[in-house]
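See the structures that follow.
Here come two complexes built around subunit A, the first alongside subunit B, the second alongside subunit C.
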Partner chain A sequence: MSGARVRWRKAGGLHGARFYGYTLVLPAIALLIFFFFIPSFYNVELSFHKISLFETVRGRGKFVGLENFAKLIRDPEFYNALKNTTFWLTGATVGLRLLLGFVLALLLNSTALKRWRLADVGRILVFIPWGVPPVVAVTIWKWMLHSRYGVVNLIFQRLGLIQQPIFFLTDTSVVWISIILVIVWRELPFAVVTFLAGLQSIPQELYEVARIDGAGWFHELRYITIPLLKPVITIVAFMITIWTFNNFVYVWLFTRGGPGNFTHVLGTKVYFESFVNYKIGYGATFGVIMTVIMMVFALVYFSTLFKRSVNV
Partner chain B sequence: MRLISIKKKKLVSIILTVVVGLTLILATGIAGLSQEKVTLVFRQNDPPASAVGLSDAVAEFDRNHPNIKVKYEVVPWSDALNQFIREAGVGAGPDVLQSAFVWTMDLAKAGTLVKLNPLMEQYPLPYGIEDFVAVDLGMLDEGIYGIPWTTDTFAITYRKDFFAEAGIVGFPDDSWSHFKQVAKKLTRDRDRDGVIDQYGFAFPAGSGSTGGMWFLVNYFIWSHGYTFMKQAADGTWGLGVDAKAIAEAMRYFNSFFEENISPRSLIAIDNWSDPELIYGLAKGDFAMGFMPPQSFRAVMDANPEAPVSSAQVPAGRVTRRTHLGGRTLAINKNTKHLKEAWELLKWMCSEHVFETYYRQQFSAQKTLLEKITYGPEYEGYVKLIPQAQTFHTYIISPVRVQTMWALTNREFAAVYSGQKSIETASEDLIREIKEALEEAISES
Partner chain C sequence: MLQKIRDLFIVIVTFIIIGLILFPFFWMIVSSLKPSTQLLTRELQFIGTQLTLKNYHGIIEVGFFHFILNSILVCTTATIICVGFIASPAAYAISRYRFSGRSSILAMVGFTQMFPWVILVTPVFMIFWALHLVNSYVGLIVVYIAITAPFSIYMLVGYFETIPKALDEAAVVDGCSPLGTIFRVILPISLPGLVATSAYTFAITWNEFIFALTLMTQTEKKTVPVGLANFLGQYTTDWGIVMAASVVATIPTAIFFLLLQRHLVAGLAVGAVKQ
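Now for the complex of A and B:
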């Protein structure tokens, strides 16, 4: 009898706990294979082909090896999109969400707000944007920021802050600020709710002891709140970075990559190359690069996190 | 022996039961199927305001055909092509679909459409295919894959009251520069608060890949004797325009923003039916606009009191030229109800539908075009249609129209937003189209 068969028998065969476990996870694995791995591999396969959207009806186009990747490296628009994705779309919005999310969570968790019975109202107000679908959020903000009909310009003009309207959607000096504003407004509640949950799990005794030792608000924040909230901050930062880096919706709905190609990000470039230029293979190449960047990011991130936890 | 015979009897009775049962199920199914309605999906791409009445036309078809049920779908132009190709690739999609004139040949090449010639022979069109304009745009290897449904062009729309107020007599369509002079004169700060509240000219200047800037650019360069794609006598393809001519067009349209004749908010607008353009002209924020007839109709519906009219686009140094665009109706290769789909297609092209329901659009049939009487406000469109040319040269060229369209809009918007200089953007546009041409030729 072979070793494997012996192990199988020892594990209880078809009635064993191990088999039972595999059976339970099988549907999840099957779903992952069909809806994640197969499309991902198909995307990688497409990136090695020259194929137009029209050709997808009949076949898989022509195999061109690494030609699409070579083209991408020479393409200045790739670097423009990469810069926009890294700096504006991800860096700026993630940084702001972490900072504002932390501040708002502290505020909502504060005893002062609870004392004034404003904690619940505050939470509801903060969470409202999360309930607004992104497409609705962008449409509303586009009208609010409109240079002639928008309420934002109207208020600024009434307050005497500006003489001429600001062209939030078309002026290259402010268009990214407008996009960031919408993303932060819509996505901030996730950071707030997670930080708030983290803050509420910190034992109150720690603060009481600190106060007995003469610690002020700032010392409590520095030596208790932030260190104990660090794991939550780390996970939130990781998750929203990946979600935002791959995001397509906000920029596409807001500017469609314009004016010109000023606000194109990697997500919109995938769409633009695949479904506007019809170059499915080249569009898939952008997708592969995005995946690789995020994989590297995740590896670096987790290895750093692991090292830190080992050192601790 | 007795045991065997009992077993045999049991087996025979089981088989008989199964056979009788299956027969009954099949018979019931067939009877059910014979009574079941054929469901067709009809898809069109215009926003509801530009396609008022189409759903009623579909409802009447349903009433006249008790065995057919038509599901009416609307997919915006910006997504229509991609969505249909994705669906066609997996054996799905609408039975009868609306396509742009410029897409039909590409869709036919991709094998997504039904060749209509056999259907036309078996169930002929009332006035024959010869009665339709621009049939060649839907043809591939002598086969017809789309029936031209509507036709239109873009014209300049304007407020007659503003012209009268400014003392302008006659429309400045003799040259582009005269047109701009008048647009500037019509730009006013009515309440003298330092902010312009009546702009001279509004046009969709966005960088979106399906934006209306493409048409205006083509009208400008065609009128000066240029064209993006040109086929030489030996059959080779090349560009019929250079960076200098593109720069001239960019300089001209950019000056509308630089001189505040057009508001910079238009740089974010792609769609010619955008509420800002429609309501802007209806309300009086703009003195002139640039739009197709269905958008012009929407202006009149938005403010029936507004004294609006249409005029020809300006002439250039060589000629005056607009495009003859329009919609095609085609049948999806994946349809399971070919005869019914053809029946629906014929109905949508019928005189009754255009007279009763689909009044915003001009039919693509010569017979129907001649019968329709247009109000004086449509003067611009009526004058322009005979001078219009289709995008046939672009369609049969190696570069896809959509690629040139997207690149043109992007580079022009890059100039308007100050992202690129006119020199850089014009050279980039020419280089990008040249590269697309070279790539397309090398692939073919």
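Now for the complex of A and C:
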């Protein structure tokens, strides 16, 4: 024991920082390499093969070169999934979350709520959907949007807004609205809470000075709040865009990509091709395309952050 | 006077929005307490007249508690190993030691934190199949340690940075080895940060769906989210039981998020500013 101690100390002498730094980081790095980097490269290899899920026991399947990619660019389903992922799954929900999140954060940060001592209660209540597992969120909304017994249809009919029940999950004209509703409901708190933290870090004196200068509510928003909140808004926008673009669970559990293939997104396609159609190679091809899109996006993200930290 | 009316208006608008946000949560709880005769009705009843706990008995009968036990086993083990043995040593090293490659390691952690899990599903399944880790608790635990490690490291680096370095130096002067410094000095006073990180890690693993879906194909090995999703897929869905199961599935994460929301916000805000 004491011998070991002496050796520890000795190692801690000259090259200590380096030695201990690497030793302590090593398990984490090994895990990340094993779990994130090796599978990413293996995914590329799989995409060059034609391999069925049933063949996994016997070997690696047949090497087909770029055949899977050639098939993919001719596959109308790919373009449908890409369009759905970009506009509906990501574009619509991120836009709505940023807008609603900003409005709610402003309301929760308003002096009115503080004077009534309701700011804390409001913040905690808004936070609740984030404590609901995504699977449960989908379950609740599937029940609420049930065509026959769902509370939304019952309320709409009671109010006389509709005569016939709406088939929220199978009618192609409303199914995306239903999916967007679930995602925005469950994921909105993240935007609200980070925006709120950003608003609270804006010095109050700025508003006081502005008020002395006779600035109105709109001018304060336009010239103080929005510019100072912009860094937080940018980061939140990037983060939720990445998380949502690759999301699988909402669309899969809500519609399984249906009706037909109407609501398939890239995330559900990866799973669908690999584990429902048993075409592992083709599923991996979708994964490779998503990886490329994500890498481009990550590069833009990091270079934006870098540029800002240089400027400031 | 004018200001009072304005205040009242803002308060009312805010709480109408909050009411709309909370309604689904309320509806889940109410539906879980209604007998099926009151669920499958075209009449609009907000509370219902005969509330019952029958559905909660029902989820015991359909074996939902087996999924809960699986989830508790996998998520607790993964959280303890991830935070205790992978993330805190790494975060400590990143926070305290200046070694070459440190910033690229931080970048790598940041990159993996954004890494979309769905892309990994196919290759991880193939690798795990070859290693006989499909339908194995060990396999899923390894996955959960890996996917939560990046975020845990980030959160803990943020926390360790708030602890003065003089403390480490004092420990070293008193003859503590580096590991002793971590386990006997730093970790004990970092307890609030460790608890927050663990709770967040647990919540992520508790909610995780796609790896649990692909790696656990035997019914008796399934976790709560997959077990719950299976109820949904059945042709005649018993909504009362599904809602009761949903309430039970929500309890752990809801408690964690409510208790820790202040801390999480601080952590997220620090992360956002730091980056």
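In the analysis below, the second predicted complex is superposed on the first by the 284 of 312 C-alpha atoms of A that agree within 3 Å, B and C clash if a C-alpha of one lies under 4 Å from a C-alpha of the other, contacts with A are read in each partner's own complex, and residues count from 1 in each chain.
We take it that contacts are C-beta pairs under 8 Å (C-beta built on N, C-alpha and C of every residue); 3 or more make two chains touch, one makes a residue touch a chain.
Everything numeric here is computed off the predicted structure, so don't read it as measured data.
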Subject >> Clash-or-fit label for the pair subunit B, subunit C on subunit A >> reply: clash
**OP:** Tell me which partner A:F275 touches in the superposition: subunit B (first), subunit C (second), both or neither.
**Re:** both
Original post:
Between subunit B (first) and subunit C (second), which does A:R148 come into contact with in this model arrangement: first, second, both, or neither?
Top reply: both
Original post:
Which holds for A:A105: it touches subunit B only (first), subunit C only (second), both, or neither?
Top reply: neither
**OP:** Tell me which partner A:V126 touches in the superposition: subunit B (first), subunit C (second), both or neither.
**Re:** second
Subject >> Touching partner for A:E55 - first (subunit B), second (subunit C), both, neither >> reply: first
Original post:
Does subunit C touch more residues of subunit A than subunit B does, or is it the other way round?
Top reply: C
**OP:** Identify the partner contact of A:W116: answer first if only subunit B is touched, second if only subunit C is, both if each is, neither if none is.
**Re:** second
Subject >> Superposition clash, subunit B versus subunit C, among 20-28, 272-280, 416-424 or 434-442 >> reply: 272-280
Original post:
Following superposition on chain A, which residues of subunit A contact subunit B and also contact subunit C?
Top reply: 56-57, 142, 146, 148-149, 275
**OP:** In the complex, go through subunit C and note every residue touching subunit A.
**Re:** 6-8, 10-11, 13-15, 17-18, 21-22, 24-25, 27-28, 31, 39-44, 85-87, 89-90, 92-94, 97-100, 102, 105, 107-109, 111-112, 114-127, 129, 142-143, 145-147, 149-150, 153, 177-178, 182, 203, 206-207, 209-210, 213-214, 224-225, 228-229, 232, 239, 242-243, 246, 249-250, 253-258, 261, 264-266, 268-269, 272, 275
**OP:** State the interface residues of subunit B toward subunit A in the complex, per the touch definition above.
**Re:** 82, 85-86, 88-89, 106-107, 109-112, 194-195, 206-209, 263-265, 267-268, 270, 276, 285, 400, 402-403, 406, 410-411, 413-420, 425, 443
Original post:
Which part of subunit A faces subunit B closely enough to touch in the complex?
Top reply: 50, 53-58, 62, 142, 146-149, 163-165, 167, 169-172, 255-262, 272, 275-278
Original post:
Which part of subunit A faces subunit C closely enough to touch in the complex?
Top reply: 5, 8-9, 12, 16-18, 20-25, 27-29, 31-32, 34-36, 38-40, 42-43, 46, 56-57, 104, 107-108, 110-113, 115-116, 118, 122-144, 146, 148-149, 151, 154-155, 158, 185, 188, 193-194, 196-198, 201, 231-232, 235-236, 239, 242, 245-249, 253, 267, 270-271, 274-275, 280, 283-284, 287, 290-291, 294, 298, 301-302, 305
